[in-house]
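Two complexes, one shared chain (subunit A), two partners (subunit B, subunit C).
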Partner chain A sequence: MVTDLHQSAVASPTLEKTKERREWLRSLLIGLVILAAIATIPAYGDPSLLHTWTLIVMYIVLAQSWNFIGGYTGYAAFGNVAFFGIGSYSVGLLVLVGLPFWVGLIVGGIVAGIFALLIGLPVLRLRGHYFAIATLGTAEALREFIAVKDIGGGGGGLMSLPLPSLDAYPFLFYAFVGLSVVCLLITVVLVHSKFGYALIAIRENEQAAEALGIYTYWYKVGAFVLSAVPTALAGGLYAYWATGFDPGTVFDRGISIEMVLLTFLGGTGTILGPIIGGILFETASFQFQTSGLNLHNTLLGLSIVLVTIVLPQGLIRLFQEFTRRSTPGLTLANRFMEGLRRVRRYITANGI
Partner chain B sequence: MAFGQVLVNWLLLGSLYAAVALGFSLVWGIMNIVNLAHGAFIVVGAYIAFWMYRQLHIDPYIGIPITMAALFIIGWIVQYVAINRVIRAPFLVTFLLTFGLDLLITDLVQQIFSSDLRSINTTYAGNGFDIGSIHIAFDGLTAAAIAVLLTAALSYFLSRTRTGNAILATGMDRDAARLMGINIGRTYALTFGIGAALAGAAGAMFAELYPFNPSAGGPFTLRAFVIVVLGGLGTPWGVIAGGLAFGFAETVIPLFPGIGSGYDDAIAFAVLVAVLVFRPNGLLGKAFYS
Partner chain C sequence: MFDVISQPTAFSHVSPLERENTPYPSFLKLMDVTKRFGGLPAVDTLSFSVRRGEILGIIGPNGAGKSTVVNLISGAQPLSSGSIYYQGRDISCLLANRRAYLGIARVFQITKPFMELDVRENVLVGALFGRHQMIYSAAFRMAEELLEEIGLAHKTHFKGDQLTIADRKRLELARALATGPQLLLLDEVMAGLTPAEVTEAVELIRKINRMGITIIVIEHVMQAIKSLSDRILVLHHGRKIAEGQPETVLSDPKVIETYLGKRYAQQQDQLKQVNTDMLNEGAQYQM
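Up next is the complex of A and B:
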């Protein structure tokens, strides 16, 4: 139901099939190349650059995992930051009692998965706005609970961890990059698995999917858990990286919304969308921050407004629309103009 | 606390909540847009009332028409410039768009007024009268009266005036309404403007009664949603029912032993899930305008 416009570019089925096969391979390779390029950053030896890109890759991972539930299944989860916070607090609590960091990470992933299952069981019976608000409410309620119960012990849920050693920073950076590669691979496998087809069917028409014998409910719960676990792992890594955090930072609904925006900017339900959207938005955002302007939320809000109005289908689909094969025999200039026309039509398709 | 006092507190809070959710309900019902910037509009209303009180010494209640007019203009522009462009897009797009507007407006308010906690201290704040052991504050009572008045006015406007009927018709069937000669773009802008104006009125009342800061909007949006779900997306009067029901949950649940205060969002969320599971069409069981 989320996407009607995406089907506008359907060619003959066989041609489409071979093209599609090439397309996912190309997406995978481009994604790996981009992430490999990012992975060279510690070699420059610039700590502030490393700092920035650690966060950028973290947001990419968050967007990639949101894509599973929001992009492929079409369920607008607006509270995925809950899983991020669960991951953070799991690492925090277990590191404080003296267990190694990776134990907290694994426990965080498991706890978040179970939480997603338990919360998904009632919430995934809802649709549309109701689902969106219910997930939003879950995250807010969890934040409040942790703050009131003061889990973390520093007042209001504040948690302080011992500083990791200096060489932990490149390690954490690589961990984020590795997580992003894993998410990329999961996405590629997902797109060509029965599970993934079921999710896409749910997105396009849930009743029809159910009529075809797909147990939509359990597939949705599966997608929700799948999107929760990497988010929690990213949250755990963040906790170790940031050392000090409170419910306001790791349960910030701005993080939930940033996942959605990044995926939207690149293209929901695409393999590369979260990576491209993440790099574009976050580099711009950090550029603003380093120039001393404290306008992060203004920028975020403005970008959301612009992206939803101008690019609701994302950059990747816009690019595809632009390069889509047109009538043969056109000159390059004509083809360019035709592409621009198509892009314009694409942009203005949703208004009154 | 005495039973009577709880009852009075509940009624006053409930009607204030109705005012909070009234515009939200209208926009959702007519345009199928869950306006996440609603809380931000309420905050803007609160700050306009605050500014007028500080600079021009206008009482927040007296200034409500001005606040509403200002918010109406803001809402109209937002709808005309932004939301009308994506009105046919999947709900996720409009949902995200209003979230973006929420972030934008909240941050702008913060840039202008700083994030300090503000409050309006009128000379009559806290004054009231007593019935037996029950204390009724004038300002709370006035707010409740205004909330009921606004609901009645909206109800009258929608059902008895030509413009109101056009709004209802657009909500029922956009295409048929267009064929009847209604300008959809303008009707939507008008609806959203009215929704924002009602948020402004709620903001002015809230500013009079409680301290606030720029980030006070988020909880309002969540509450407005729960209230509308509780009351059903039906008539303006459903909002009063929803507001009272939600006010009841918020006044009474913390009184249970072992719960205590501080769990406002958790209560809102629990109520929401309970209602959605047991009565998806709201307490009055009417599934809106549509």
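Up next is the complex of A and C:
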């Protein structure tokens, strides 16, 4: 009996630790299961379904990479589409020269990383609205530059690539899914790394973070580069997939806004937020788009309003609030009601 | 030239020549430090020094520039003019994070816990960075030890925003200690605490001081600062008006006048008068 007590006393801290570990492990597993489920889509052999889901997964990747700077570091970057466009144009230009597609992809990632570093150095000295506006301006300027200089060569920056073979479409789909898995893994590692803690500290309170010895400036630049590279890779894949694009499509500020919205809908600074938000919003958006109503942009605007009013913390946090451990000994029905009550309180506390 | 209390180890990394040339070999030395917000000086040509291992109390009425002094020493705000020497080294131009790396930690007047992180992770961040820049496992162990020591071990899983004021202050203190400081700046840590909690806090600060950490305390709770401080510095309109032993400083009529108001000083005077009158009367009565 006595030894039992001792054992339990010794075991409890390790139990706590495993419980903590389980939290991110659970997120990782759920994320992998969702992505694995999505990966079965080419098996149905429906080209239009594949087309839709390729774009959905692309948006998930974009939201995941925006999450690094916007979600974890708390810097509302509104110009991340610039990196997407850089990726697209790198692939486009190098494929036209005759180099293999993957060379363009790698070059695009590197160029976007360097661009993020160079832009980040001045821009990340700004905070709040100023940072958001400066990033937005950067993306707009880059789009105009490429259009005016006609970088694509088809007039107004338009670029046409040779059509890939038909079996390239499933391959590109899998490439997007793979990229999303990589982003998921990076996020999971980030959350419990020194780098990740620095970013979260910056988001929570930059002054306190500095007082603790965190060189906030370089960590912010690092987060900006980290969010730029996967975005550019997605842009490169998109270029090869779409074959024809102009600055208006790959530097569309709507893409920047969608990155932000998807992350906010799911939950900023969470592992699963961008994935959940991406799937929910984009499936709805494509429904509105393909059903001939053409209301997808209305949906976009409406969603922004609703999310900011009702769900500024996102669906994941709402779910966490719902399932949070309550007083022991409640029946399942009571616990459910308690959860609902908590969710209501949570939403009303956010401003309604 | 060297003061007695400062140990020579404080300058072990400074070359002998440099040591000769360093005008003020105290642990921390502020020289003609001025900070202007717009035209108004919040701190005006302030000079003082702190010896290694002491507790220096800074008091003064609201708006005297106490918190600004802490911001200037910790590097949260840049100096307008003057210079700050820390362990014989000019740190006036260093960034806040660099100063934390050199061993200057602070506790904010308005607590700033990282709300999304739990208590342990808050302290962990301090240990990961700060002076030691620890690796994760070592930082984790240090966080556990510190929380145990500071009395938050049973709340490691609470989020920053689920804590009471007293616990938030404890958390801030633990986080600052996790950075491995040699100089700790405490900006009104006892504001908003109950008398019992103040007593606890005083004990805790003494304990931290005994660990060999030099401390600057800014406080409004007179009783606490009087019993804690080795020396007290009084600020008024950003200028130093008195400095010295707690008893002598607090009984200085100039300090009483500025800090507690002219009327209070007059009352004290009257009280003294009444007392002596009564004494005289008593003496007369006895006669």
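Here is the rule we go by: the second predicted complex is superposed on the first by the 331 of 352 C-alpha atoms of A that agree within 3 Å, B and C clash if a C-alpha of one lies under 4 Å from a C-alpha of the other, contacts with A are read in each partner's own complex, and residues count from 1 in each chain.
FYI, a contact is a pair of C-beta atoms (placed from the backbone, for glycine too) under 8 Å apart; a residue touches a chain by one contact, two chains touch by 3 or more.
Computed from a prediction, not measured in an experiment: that's the story for all the values here.
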item: Clash or fit (per the criteria above) of subunit B with subunit C on subunit A; value: fit
item: First, second, both or neither for A:Gly269, with subunit B first and subunit C second; value: second
item: Broader residue contact with subunit A after superposition on the shared chain, subunit B or subunit C; value: B
item: First (subunit B), second (subunit C), both or neither touched by A:Ile200; value: second
item: First, second, both or neither for A:Thr298, with subunit B first and subunit C second; value: first
item: Partner chain in contact with A:Thr216 - subunit B first, subunit C second, else both or neither; value: second
item: Partner chain in contact with A:Ala208 - subunit B first, subunit C second, else both or neither; value: second
item: Which superposed partner A:Arg325 touches (first subunit B, second subunit C, both, neither); value: neither
item: Least Cα gap, in Å, left between subunit B and subunit C after the two complexes are fitted on chain A; value: 10
item: Common interface positions of subunit A, toward subunit B and toward subunit C; value: none
item: Of subunit A, residues touching subunit C in the complex; value: 16, 192-194, 197-198, 200-201, 203-205, 207-216, 269
item: Of all residues in subunit C, those that touch subunit A in their complex; value: 74-76, 95-98, 100-101, 105-106, 108, 112-117, 121, 124-126, 128-131, 133, 136, 157, 160, 175-176, 179
item: Subunit B residues touching subunit A - in the complex, by the definition given at the top; value: 28, 34, 82, 84-97, 99-108, 111, 184-185, 188, 218-219, 222, 225, 229, 262-266, 268-270, 272-273, 276-277
item: Complex contact set, residues of subunit A against subunit B; value: 1-4, 70, 74, 76, 78, 122-123, 125-126, 128-130, 132-134, 136-138, 140-141, 143-145, 148, 253-254, 257, 260-261, 264, 268, 295, 297-298, 300-305, 308-309, 312, 349-352
